[in-house]
Amino acid sequence: MSSTTVPVAAVAPLQRKDRWQTWGRWMVLPYLLIFVVFVLYPVGYGLWLARHPQSYVHLEADPIFLRSVINTLVFLVVAINVKMILALILSGFFVQTRWWIKIVSALFILPWAMPSIPTILSVRFMLNPEWGVINTTIFRLTGADGPNWLNDPTLALTFAMLMHVWKSLPFWTLILVAGRLAIPSEQYEAASVDGATSWQKFKFISWPALKTLYLTSTILSMIWTLGDFNSVYLLTGGGPADMTHVLATLGIRYLRLDQVDLSMASIVVAMPLVLPLVYFMMKRLSK
Amino acid sequence: MASVTFRNIKKSFGKTDILKGLGFEITDGEFVVLVGPSGCGKSTLLRMLAGLEDITGGEILIDGKVVNELESKDRDIAMVFQSYALYPHMTVGENMAFSLRLRDADKGVTAERVEKAAKILNLDKLLGRYPRELSGGQRQRVAMGRAIVRDPKVFLFDEPLSNLDAKLRVAMRAEIKALHQRLKTTTVYVTHDQIEAMTMADRIVVMHDGIIEQIGTPLELFDRPGNLFVAQFIGSPSMNVLAGTARKVEGSFWVEAQGAYWPLPDGAKVTDGQSVHYGVRPTDLVLAPANQGIPAQVVVVEPTGAETELLVQVGQEKLVLVMHGRTDVGPDDTVYLALDPANAHVFDGASGLRLD
Amino acid sequence: QEKLTVWWVKGFYKAEDDALFAAIKKYEEKHKDVKIDLSQYPIQDMIPKTVSALDSGSPPDVAYADVYDFQVTGKWAFEDKLEDISSIINPMKARFAPNTVETTFLYDDKTKQKAYYAFPIKQQTMHVEYWSDMLAEAGFKESDIPTTWKEYWPFWCEKVQAGSRAKSGKRTFGIGQPMGVDSSDSFYSFLTFADAYNVKMVDDNGKLLVDDPKVKAGLVGALTDYTMPYIKGCTPPSSTSWKDPDNNVAFHNKTTVMTHNATISIAAKWLDDMDNQTLTPEQREEAKKNFTERIKTAGFPSKPDGGKMVYRTAVKTGVIFKEAKNKKRAKEFVEFLMQEENLTPYVEGSLGRWFPVTKAGQASPFWQANEHRKSVFNQYAAGTVTFEFTKNYKFTILNNENVWAKAMSRVVTDKIPVDKAVDEMIERIKVVAK
Amino acid sequence: MTKRWTPKAIATEAKLLLIGIPVVLWTLIPVYHMVLFAISPRDSATSGHLWPTHPTLQNFAIVFGEKHFYLTHFWQQLWNSLLIAISVGVLTLFVATTAAFAISRLRVRGGRTVMNMALFTYFIPAAFLAVPMYKTMGNYGLLNSQWSLILAMVTIASPYCIWVLKQASDKLPYELDEAARMDGASPLQLFRLVYLPLMVPSLVAVGTYALLLAWNEYLFAFLLLSKDTSVTLAVALGNFLSADDSPWELLMTTGLIYALPPAAIYYTFKRYMVGGLTAGAVKS
Amino acid sequence: MASVTFRNIKKSFGKTDILKGLGFEITDGEFVVLVGPSGCGKSTLLRMLAGLEDITGGEILIDGKVVNELESKDRDIAMVFQSYALYPHMTVGENMAFSLRLRDADKGVTAERVEKAAKILNLDKLLGRYPRELSGGQRQRVAMGRAIVRDPKVFLFDEPLSNLDAKLRVAMRAEIKALHQRLKTTTVYVTHDQIEAMTMADRIVVMHDGIIEQIGTPLELFDRPGNLFVAQFIGSPSMNVLAGTARKVEGSFWVEAQGAYWPLPDGAKVTDGQSVHYGVRPTDLVLAPANQGIPAQVVVVEPTGAETELLVQVGQEKLVLVMHGRTDVGPDDTVYLALDPANAHVFDGASGLRLD
């Protein structure tokens, strides 16, 4: 093995890794461009708008601020988790291959495809205690008055959350369906033979494969909605008595009064609510 | 421990019929080896028994009960998948412990069993690895380990040793046999390895094209293959087969093929002039002293270590001959072939069925 | 060619937009070198959109929305964001009816002076609408409707509701009392009630007068009367969460016999349907009946002190921004638009929803064309008062927060005494508008 | 293959139905309520009946005929929605798949950082970005051009898409890439011929996501677009909120109609969402 | 066609050293078979040569050029993966045609080559199927087909026939040999099959634990294994090995082990009293007439068809003996073992190196 006799050959002009890397860099470039141009710059500007510390003082002085924070938290914790758990269950349902499930899944997507304004107004009308379909029907069937659905803060917030779940459940279900489809069926077969029940298959095969997707999606969903402006605004308008406001509606309310700094501040205030989640997620992701 | 019965089993994928109505019984505690050409439906049959594949027709019974509709998990079967199907997110140890864990087995017992299996399989140093960090053979051993930690009613092994080196394979063979002797668990074992089939099986089932060609003990199949297919499939290298015609010469029957007369065993049921296939195993052909046998031209000489394979030409046909040790004959030499008539096989020319 | 960017709220009716387009076209014909770049947005989007533009330093030259006056005009003026347009308003000042152009004479905190920072386009006030056929079914004639404050509300609440329910067997309500927080009807109506009690919360310089015990007493009276229908079960239970459309809807489907509303949109809807060619002849016939016979527009009863009701008017304002690129043309365009022949068709395009701000416009025969408009005309003829926010812009915040509706909620939901609710309300007013 | 109705099959089917029926009800009750509005004549939409006394298709005729003042550009706006949504879908898929491929399969250096940065975008809520985005678009001279909305939506949709795609592509057997490289595939060929076909289920999911995000976007759409003829129908529906007396039945009708194109698009691609795509690829 | 050189190749996965500095050369057109126990690093070595695995240390040269940094696709190597790595979304035909398609090969040529390969591999009826619709052996054949449609500089085969039945395997072996004879492409072939290794290789490389134990022609390795490991690894069943002591008796050397004296070949370089390992292949042990050899107790008799394996006990050790044909000895019988001294192997007791 005398290396001196063999000419140390001209190393291939295109080095293996570099070439692969070069391609990689070209392929992330489109996104990077978008990121720099449409994220970095606006975000910097937004932070600049929210820079006044007195905005936060004003914000705190607003009597509905605290209530909004609480509502937002309830919304995030309850609505999002209920939604994600349902999505997880339903994704298991929708990966089944049945002709009728295909039809159901096509219908199921409708809430997501519908624009918010008509759907939420429609639900609002439906829930009207005097002439809405529900109470009219209750009245017709029992002779009794139905509940005043949107007049009780708890009930109204519940409906806002249900609205949110109704609207965005299809999306998360679809994402989890895609996640489930990536799990090789072989693994389920092996588990069957090993004697796993359906629940055990879920616990030991599906869940480990979906875990990251599920957790990150949950956190992202929380951030995205931060109390979902539309569901609250269009359904309850923050009422009754401003008891169902969330930070998102609060933010828009300030915007409508041209209190941009307050509007931004109310959103910035929301960030600490999600920061622990962010930390949690980052830790998850770096595994 | 359980008996297994297949009754007129059929299986189609779409329009392709894979299993065409086959049936046989496996008695309690029996070790059955399934052999057959690649793609003949062995894995499919195993998977049907395991409850992983729908049954197009027929019935499978375990312990006398029809299990067609029984879920896999309720059949209490352990299986080594041909494609391993390891759990990628579990370590080797977790993979092996998984089935016990599902049964809420005692932690100590589980650990002990896994350890024991790992030792048998030479995996003890790899228990903390993930499947992606293993070599092909190591993965296969994990798949094996996952089955043998259990104590099921039936073991199904789908080519469980194909990716192991010869030495390890011999060792594993012994271990599986020992396991079977200890547990007496009914076992169905698919293999392409002749030695495995011959040494492990209580009975061998030869499948071909979705049907069963023959069932019998290893030596029955080797010594008296029921038809031409089995004759050529069992034993490696394959039995040499010559098409020829039965001839009665001086009161005894011979087969005339490729310009030579080949001796027939006693009791061969042929008639004069019948067209037949004449079969002789490469190991049963011997080189006779010069001019004392059927002359043949040597084509290739291939030493395989302890033995040497000769490819010789007789008339238009090439025959294989395996001889002990080495030889100094070389290509183009003329050799003379002899054989003990008792070792010859004869099959009907049309149906391929054994004639005796 | 010069470009003039105009943002204008989307009209309710085609005729409004058509009138606007016509005016623009006329302007462009007159000034061939100017191209008007018009964008229209739904009302609720106008402010966010304008605010975004303002914040990023590229506001339109001229902007108008029906909600500016309620929410931002005063603030913008205070913060020196608006162009002083006194130069075009002053010459035409005489053309305006009382209490209209005055509301655009706003305080700029930078110059520490008041000036005309906006231009008035049209105005609205509070009306009562009722179904005369339901009234009749309940066993009453229109002449039975009391004219005094004390009798008026119990009449609808107790007599009409009881009669209507007894006759129709349906769960109808005498009054549609808007009480939702996310509703301009509710604060408009409440403040009208306050007006009935002669409440004056700010002086002309915007200083708060809420510490005056008279003010508090007035507010207590107004709040007591306002919440009474709910407590007595005369307004639909849902009215505490009503948004602006809800009193209309409840009225149209005859859940309520009477409601008050800050435009005559309720009647106008049927007028619109009456001429809507996409509807069937039967539907149009029905609409015509509703408009001409069944639905009545009226004013409020006389004040609790017996005086005649003076209605509060909301004058809709448009603006030119200080940062606008083409202020010269903007002023020119506004001046042009404010001319009678351009403004009147635009205002009249809304079927009577909006009332003119100019004397000539108000005198137009349009306002005598049907009973509804006549009623509006008569209400205005009695004189008007203006909103607090025209003097102290921080009242926009209070309206937007709807401290009024919140006080109602405290009374009807949390069941606290009215005077305590009023105390809380005054507390908040002082915090916000000091 | 005909299915045999064994007790076991019936039991599983029943279990599925037990989920399926509530799901259908849950989904359809609000939709049905909209249908109710859509087929009710103008004056009986809010009557509270479970079925209109005189069902009619009049509302559809009005919408399709652009016969209401709020809907004078119905077709144009529907077309805008479609154009914008499809552009966003396509562009997002392009940006996201290339990035996910580079990060997950080519293991480009700094890929992790790019991913984290991308996800970081979401910690800035969209509402917070609205005003700055407006200014940004103004600076780039894109205001009032549909490109501004398309690009903004791509910006918002991409990070999640990249992330979901990366999750999915991490699950593809790496041996396939190796095989392709041995077969002489360039990264681009690997991408096109091996990666994309195997990512289809996830592509359908995130593609639908991006498409619908743009389809129903309200805030950015009204901020970034101006002309009646260039906004999407979702924004135009905001007109109905302007008045306290809007033709609600037309709003519901339009809303229903508006849901159909994306549902149809989804339905077309849905059949590519199948499992087991990598079955038979490797032995492991 | 190309030569391949490995120079002091090292490979670690994290802290685990897999290849510990090995080097050898493959000349242009040579057919080298790589054997070694499961997990010894064969696949890793192939993958490094293919450019799929980073090289921790050392150099790989193809045709004299260092290719450490050269991209796989530019090395012009065709490989059959141990795990197949079929493109699941392409049919069998598309899988096989893929590499040609990437090279923009003429459609006709491609079709022709694919067809030919498919015929060789018995896949012609399955060209339209997807991998998921194939049996294990069929998948393996597709993997094979994908390589052989090409005409690369180097072929790498990683256990390409392990899942095929014996008959097909013999046929495939012949085809690969024919292919190699026709194309003369440098080939590296990993297998666990002894016969494959013996019959196909120009040279065999025996790896163990990340190093090379021996390189040589098949018969060199079989006849003169350089150390105990190779001796026991090559040949199946494994060589019997007894620990013993060299003894000089009457001028010639013997090995004393398990209470018997075992003959040594001429030229064995041992000294009296040296502790050695004495090796003899199962096929080299024969049964001698009664009382004429080393007495042993029969433990197990296992007929494997043409041969019979006997497990016999000598002293404390068990030895394996393979005999031609059948036998009538049974368990617990006493037999006498004999062997030709020329067939005996002797290794140093400490180092395990061959002594002669």
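Which chain is which? They are A, B, C, D and E, in the order written, and residues in each are numbered from 1.
The rule is simple: a contact is a pair of C-beta atoms (placed from the backbone, for glycine too) under 8 Å apart; a residue touches a chain by one contact, two chains touch by 3 or more.
Molecules present, by chain and UniProt name: A = Sugar ABC transporter permease; B, E = Sn-glycerol-3-phosphate ABC transporter ATP-binding protein UgpC; D = Carbohydrate ABC transporter permease.
These figures come from a predicted structure and were not determined experimentally.
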Most distant chain from subunit B, judged by the mean position of its C-alpha atoms: C
B-D or A-D - the one linked by more C-beta pairs in contact: A-D
Subunit B and subunit C: spacing of chain centres that average the CA atoms, whole Å: 93
Centroid spacing, where centroids are CA-atom means, of subunit D and subunit E in whole angstrom: 56
Interchain centroid distance [CA atoms averaged], subunit C/subunit D, Å: 39
Subunit B, residues touching no fewer than two other chains: 71, 82-83, 85-86, 88, 136
Sites on subunit D at which at least two other chains make contact: 46-48, 131-132, 135, 186, 219, 238, 241, 248, 276-279, 283-284
Touching two or more other chains - residue numbers and ranges from subunit C: 44, 48, 51, 55, 249, 253
Parts of subunit D lying in touch with subunit C, wherever the complex brings them together: 41-43, 46-48, 58, 61-62, 65, 67-69, 72, 130-132, 134-135, 138, 143-144, 219, 222-223, 226-228, 235, 238-239, 241-246, 248
In the complex, subunit B residues that touch subunit E: 13, 35-39, 41-44, 82-83, 122, 133-138, 141, 158-159, 162-170, 192-195, 198-199, 218-219, 222, 232-238, 281-284, 302-307, 309, 322, 324
Subunit D-touching residues of subunit E, taken from the complex the two chains share: 47, 50-52, 71-73, 76-79, 81-89, 98-99, 102-103, 130-134, 136, 139, 146
Footprint of subunit D on subunit A - complex, ascending: 20-21, 23-28, 30-32, 34-35, 37-39, 41-46, 49-50, 89-90, 93, 95-96, 98, 100-102, 104-119, 121-123, 125-126, 131-133, 135-137, 166, 171, 174-175, 177-186, 209, 212-213, 216, 220, 223-224, 226, 229-230, 248, 251-252, 260, 263-264, 267-268, 270-271, 274, 278, 282, 285
Residues of subunit D that touch subunit B when the two form their complex: 1, 6-9, 283-284
